[in-house]
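What follows is chain A paired twice: with chain B in the first complex and chain C in the second.
Moving on, here comes the complex of A and B:
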């Protein structure tokens, strides 16, 4: 990458700081909508770091898939399960949180020590970085990673069908005599006679 | 001064620990799913760092990152469908109340 070293290091620092701050916000903020938008910030900063690491195709894929698909999906999930509920207090919860924080700090210390003392076999500076990453990744996909590439399509198909099956409501046929208008949904929740929520969603008869 | 492999790995480790903390302590099921995305992103950053610094001629780390992206997309779709289904059944998204499998 032909950007000056100083520019690289400064932008890497800014992107890393932004990413870590946004990740902490995702975990710690109480409003989950803010968390979802900060998650988008994490993904965008990650794409910037990918660009600094000479990976333009993966950066574009990160923006498209994570920000464009997964983040939007999470926002939709938040809208669908948007119920303001005050979580009931669980006794001794602070002990759990504290223990988890200690374990996470310990894990970070362990990983950091491992990263810093391991003699990485860095590639020599004479090794030229791949300029056309799309071509190189495509070559890998259609030669030595052909089987995983095809399996990924099957996996995506299975995930799509599975998500539809899981999220679908049970179909209850209409009672006789009820007019089916064009704007009512042909489905009813399972507890349509009991719950108060369900009564809102019953088609108007 | 130069962007080094260690910086990438340290940032990825910090992101991973943040994700694990959120995964264990959060009570909203959607936030748990977001924490899983953070974990996957940390792993992706590791793979990209290795791909750039240890293997710059045959960028196999980027290929693995694309596969992880695929799996993450599938996982998010199925996970959110599961959350929707359990929200319809239990009428809550509180992780403390999902104790169907508790012994």
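Moving on, here comes the complex of A and C:
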């Protein structure tokens, strides 16, 4: 074993442990802000594992999109919703927790057996690592992966249209009298173009 | 693609006179070390050099900021610490190191400590991609400039973290503003960079500079991207939270934003991070638009006219020196303009800032990108076919 292999194995160990610990923290911690920050840790260690697999572009994209955009937006949503709510203790809570644990463990066992049973076609060790990953990804996007690529862009377009409609409140029909208290900002009602009070929807939720 | 990725770290060409890495490893082997161990000893050296370089760069930038600000206000500025006050930034740094490290009683101690660290590390990591010469870079990463954009998107998480952990209204508002600003200006920044990448057919910073070389000052991207460089500089200033856009720490509104509760070394990390980020943005600007290490007069042509071979050792030393000097000169010229802007332009309001980002810079940068693509198809010679 030379230095490069040793470094790879050690960093894989560190990244894997960090990822698992952070993911467990996301699920098990009761403070939602900690969970959101730990989610960022999960994404970063995942990017590290992509890097170990020679997928440098995917790793950078993972950091840019998941850490830089999605995780920051999650944190934004959490910090803007400053409603302090006391969670009352639910009676017989252990039944729920137990059911969740069983379902999660079942899923884990299912995926684990799937991973073990599937005959993975591992490329021979002599395979040359792709030098220019961006070019390769681009070629695949416009040839054999064209349909998924286009579908994903249509999905993103739909999400964008939805976000614009939520942000422009005058498009939403009025819902006077419906007072949502949980998870809304204590803000003043905004005057819409018609001069009436628009609904109290929160754009970023 | 005319250039196959090379793996020459801080060293000259294989067929040429000077090979720092090779010579260093050879001399260690002569001392009786195994080849693997010799390589292991070499590896941290360029990284350490980069860390030290970045820190010294910050000291210079702080001194410049104090002196130029003083000149803009008809003061003298730092005067007694060293000749012309050059040691003043060191004095500032030592003061901050020895100040008491306070963690507010009702704050979240863990997140409070982790916040500044998360802000500083990505910025230093981004120095990985800055080239100072053809073979004077820590590493030639394939995704180079994209890595810089990705890493700079981690910083807002650190800012949000410190803003939240401080348990202070001003801090939280500052953190949220910093994150909003950073997300808004990242998109025009990335689109301006994308236009350059489209012209150079590569994300690697070394390829981007090479594509501008050969014609001296006339070949620089600034002539081919007159709109792009303005967008990039505005967005970069906003990402660095420099003065026209320093809303996250606006003194009159938010005390000091997310830095309000910080003191001592943790504050020093924010301070260091902001200046390292400014210099890094200036370096990246000079790489993208001002031809990086290229001097205004093409050096290799000059050498060709005199009749000196490219691989002559003394010529390589001179080229490397000129390359480093040119890169630093361009970067510090940009830092100078940023400091002048600070004393020229008043601070914008938060709604003006977001309107400028989303309603003006974003459409303009999209049009710039489309125009670049069209020009590239029409004039492949001038716009890198």
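One rule holds for everything that comes next: the second predicted complex is superposed on the first by the 145 of 205 C-alpha atoms of A that agree within 3 Å, B and C clash if a C-alpha of one lies under 4 Å from a C-alpha of the other, contacts with A are read in each partner's own complex, and residues count from 1 in each chain.
In this section, a contact is a pair of C-beta atoms (placed from the backbone, for glycine too) under 8 Å apart; a residue touches a chain by one contact, two chains touch by 3 or more.
None of the values given here were measured: they were computed from a predicted structure.
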item	value
Chain A as common anchor, with chain B and chain C clashing or fitting	fit
Chain B versus chain C as contact partner of A:69, first or second or both or neither	both
If touched residues of chain A are counted for chain B and for chain C, the larger one	B
Which of chain B and chain C A:32 touches, first, second, both or neither	first
Which of chain B and chain C A:116 touches, first, second, both or neither	first
Partner chain in contact with A:3 - chain B first, chain C second, else both or neither	second
Which of chain B and chain C A:77 touches, first, second, both or neither	first
Partner chain(s) touched by A:133 [first = chain B, second = chain C, both, neither]	both
Superposition-derived minimum Cα distance between chain C and chain B (Å)	14
Footprint overlap on chain A, where chain B in one structure and chain C in the other make contact	57, 61, 69, 73, 76, 80, 133
Complex interface listing, chain A residues touching chain C	2-3, 33, 37, 40, 44, 56-57, 60-61, 63-64, 67-69, 71-73, 75-76, 79-80, 131-135
Chain A-facing residues of chain C, complex	1, 4-5, 36, 39-40, 111, 141-143, 146-147, 149-151, 153-154, 156-157, 160-161, 164, 172, 175-176, 179-180, 182-183, 186, 203
Chain B-touching residues of chain A, taken from the complex the two chains share	5-6, 8-9, 12, 16, 19-20, 23-24, 26-27, 32, 35-36, 39, 42-43, 46, 49-50, 52-55, 57-58, 61-62, 65-66, 69-70, 73-74, 76-78, 80-81, 83, 85, 87-88, 90, 96-97, 100-101, 103-105, 107-108, 111-112, 115-116, 120-123, 127-130, 133, 136-137, 140-141, 145, 148, 152, 155-156, 158-160, 162-164, 166-167, 169, 189-190, 195, 197
Sites on chain B touched by chain A in the complex	1-3, 5-11, 13-22, 24-31, 33-35, 37-38, 41, 44-45, 48-49, 51-60, 62-63, 65-67, 69-78, 80-85, 87-88, 91-94, 96
